[in-house]
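Think of it as A, B and C in the order they're written, each chain with its own count starting at 1.
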Amino acid sequence: MKLWPVTLATLAKDIRLEWRSKDALNSMLFFSLLVVVIFSFSFDPTAEESRQIAGGLVWVAFLFSTIVALNQTWARELRNQVLDAYRVSPAPANALFLAKALGNFILVSLLEAVMAPLFMVFYNLRVLGSAWQLIPVCVLGTWALVASGTFFAAMSIRTRMREVMLPLILFPLSIPAIQAMVEATRIILSGDGSPRFWIVLLLTYDVVFTTACLALFETVLQAE
Amino acid sequence: MPQTIIIASNVVKQFGRFAALRGVTADFSAGKFHVILGDNGAGKTTLLRALAGLAHPTRGTVSILGKSPHEACRDIGYMAHPSLLYDEMSGMENLRYFARLYEISGDTRCEHAIRSVNLDPALPRPVGQYSQGMRQRMSLARAILHDPQILFLDEPFSNVDVHSAQEMVGLLKRMRDAGKTIFVVTHQASLLEGVADEFVWMQAGQIVDRTTHFVQNITRANQP
Amino acid sequence: MKKAFPILAILTVLLLSYAFYQAIWVAPTERTMGDVQRIFYYHVPSAWTAFVLFFVNFVASVTYLARRNPKADAIALVSAEVGVVFCTVVLVTGPIWARPVWGIWWTWDLRLTLTLVLWLIYVSYLILRRFSDSAQTPKLAAVLAIFGALDVPLVYFSIWFFRTQHPQPVIGGGGSIDPRMLHILLINWLAFSCFALLVCWARYRLEMLKRDVEEAEALESLLEVGPRDSKAEIPFRGEPR
């Protein structure tokens, strides 16, 4: 059975549902704003220092918001056991994974689009390197967190303490990706060398982990 | 002679120290209406889920039409006490989405399914605002949408008003007469007297009896 | 097979004693670091043993997913548990060594950082095993182990490159090693490996026993009779089929 029609139908359904209630979206936007403000209060460096640590700050803040977004990925499917309806159908498990991952990607990108300008304002950041390079870093980095995160969120729904289980599993495995994002951002902001290695590492991480997620999602979905 | 289409062979389902199913072996014929009965904890739901492919046996096999339940998924319809529907969408929107999971395009079959449970396809109200009876009927519509040969229903009449329950029983009877195979787990077996072909009694994870009539008010014999 | 266990146990005790003697008395004292350096004979073999055990875990997890063999799952569990213990030894001996010699508690050097990340991954693995529904634990754990294994080379490269950008002190120093020290290092590694094998084996037998007991309990065929459920309207209908 073909993958993309089901993926797009599921993605469209999720967007429509989110648009109707806007619950999750509004609270996450506000949460993201709070995170930026609290970080700005806690870390108040000089302009030169900011460029060195902004990469870390921004991505850790994104990580917080991403966890909040990821934790509600499967909430609607769990509510009335809708996941059973999916499991019993011939639709490929991958299609569901891709739809959820893409949905989360859009959601988290939206949150980042709100948070990043705020950070630039609070820290008076100016990009000394080539700013366009931030785009691949952002896209690849967000996908790294969101793809694995969606997968591990599906694993954690089959455990007790699900909200804690997700970051517990996700953080150790994301360490190389997070390091790459942070370093690349620092290099671009301070114009200090080339972020090429880190972008390639992020790309490798994305390819390897997305492939693994696609290969193993069926096992996780049908694990009962 | 009725054809055997479902074979359960020494099915064991273990959850840690508790075995919900302890070696269930049974054949089920096509075109019959089977009711599964037993006390709470007897294993009725687990057996139904094992037959539908939602619970993988710890040991033993389930074969449907000569295939595993997952391979036979296009011929299986499943319904449970939770509605397996999205509360925020209308009935028609829900069915349109689930139709995509079965590669069914167009609205005709969705409308037909909804009408067959005596609900209005044009009703814009979200499913979350339905009465329990309406919700269960809509869930049944979802289960029969792809015209499956075999239906598994887990407590479909629970907390449902008499009128809705009778509607559903009527529809199931018509489906059985048209050659479908139906399995119902219920505590309200009296609803199905005269309609069901067989009553399957379970206790402590095993099938203890299979009768053609449901007899009330017989006091329990002395227990071992 | 059962006879081999006590033999291995005795061999392990002998090897550990011999290795200890070699490390503490026979090994030459390191010129710059003094006697503290002897912790090296525990720090490094523990790291190698942990890595081997995690590799065993990976192979067992893949085997489980391919064959659904419960023994493979038990081996995965056992190797993860013992691996985490050895990993902890590395992470504790590292700072103990570093502080008196280099004046720092921690450094993001390759071995130590990799060990820390592996420790985090496998602790999360053990927690996942503990908190998941027991019918699903083997599958979920095996999947996580595969992700862990895929992560390791990525962690290695990211730390390696990070260190070329931000040079860090290296615990244990670089450069060549005195052949006598290498000899003793290998003896210690052999002793540790036997010890690891011994513990894993014992733990494996314990785990298989535990599973057998659980299964027997679960399948007890005493038909238990509970209180009549008044909603059920079900009469008891006689003997089992």
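Keep this in mind: a contact is a pair of C-beta atoms (placed from the backbone, for glycine too) under 8 Å apart; a residue touches a chain by one contact, two chains touch by 3 or more.
Remember, it's a predicted structure, so these values are computed and weren't measured experimentally.
J.: With centres defined by CA atoms only, which chain is the most remote from chain A?
T.: B
J.: Of all the chains, which has the CA centre nearest the overall CA centre?
T.: Per-chain C-alpha centroids ranked by distance to the global centroid put A first.
J.: Suppose each chain is reduced to the average of its Cα coordinates; what separation in Å results between chain B and chain C?
T.: 46
J.: Using mean C-alpha positions as chain centres, tell me how far chain A is from chain B in Å, no decimals.
T.: 39
J.: Between chain A and chain C, what distance separates the C-alpha centroids? Give it in angstrom.
T.: The answer is 30 Å.
J.: Using the touch rule from the top of the page, what residues of chain A touch 2 or more other chains?
T.: 223-224, in rising order.
J.: Which positions in chain C are in touch with at least two other chains?
T.: In chain C, 133, 135 touch at least two other chains.
J.: Under the stated contact criterion, what part of chain B meets chain C in this complex?
T.: Listed in rising order, the residues are 12-19, 22-23, 37-41, 58, 187-190, 201, 203-204, 206-211, 215-221, 223-224.
J.: Which residues of chain B touch chain A in their complex?
T.: 49, 52-56, 70, 73-74, 76-78, 80, 82-89, 97-98, 100-103, 142
J.: What residues of chain C sit close enough to touch chain B in their complex?
T.: Residues 133-135, 214-215, 217-219, 221-226, 228-229, 231-241.
J.: Over in the complex, which chain A residues touch chain B? Could you list them?
T.: Chain A residues touching chain B: 1-2, 5-6, 9-10, 13, 16-17, 20-21, 76, 79-82, 84-91, 222-224.
J.: Could you pull out which chain A residues touch chain C in their complex?
T.: Interface residues on the chain A side: 148, 155, 158-161, 165, 168-169, 171-173, 175-177, 179-180, 183, 193, 197-198, 201, 204-205, 208-209, 212, 216, 219-220, 223-224.
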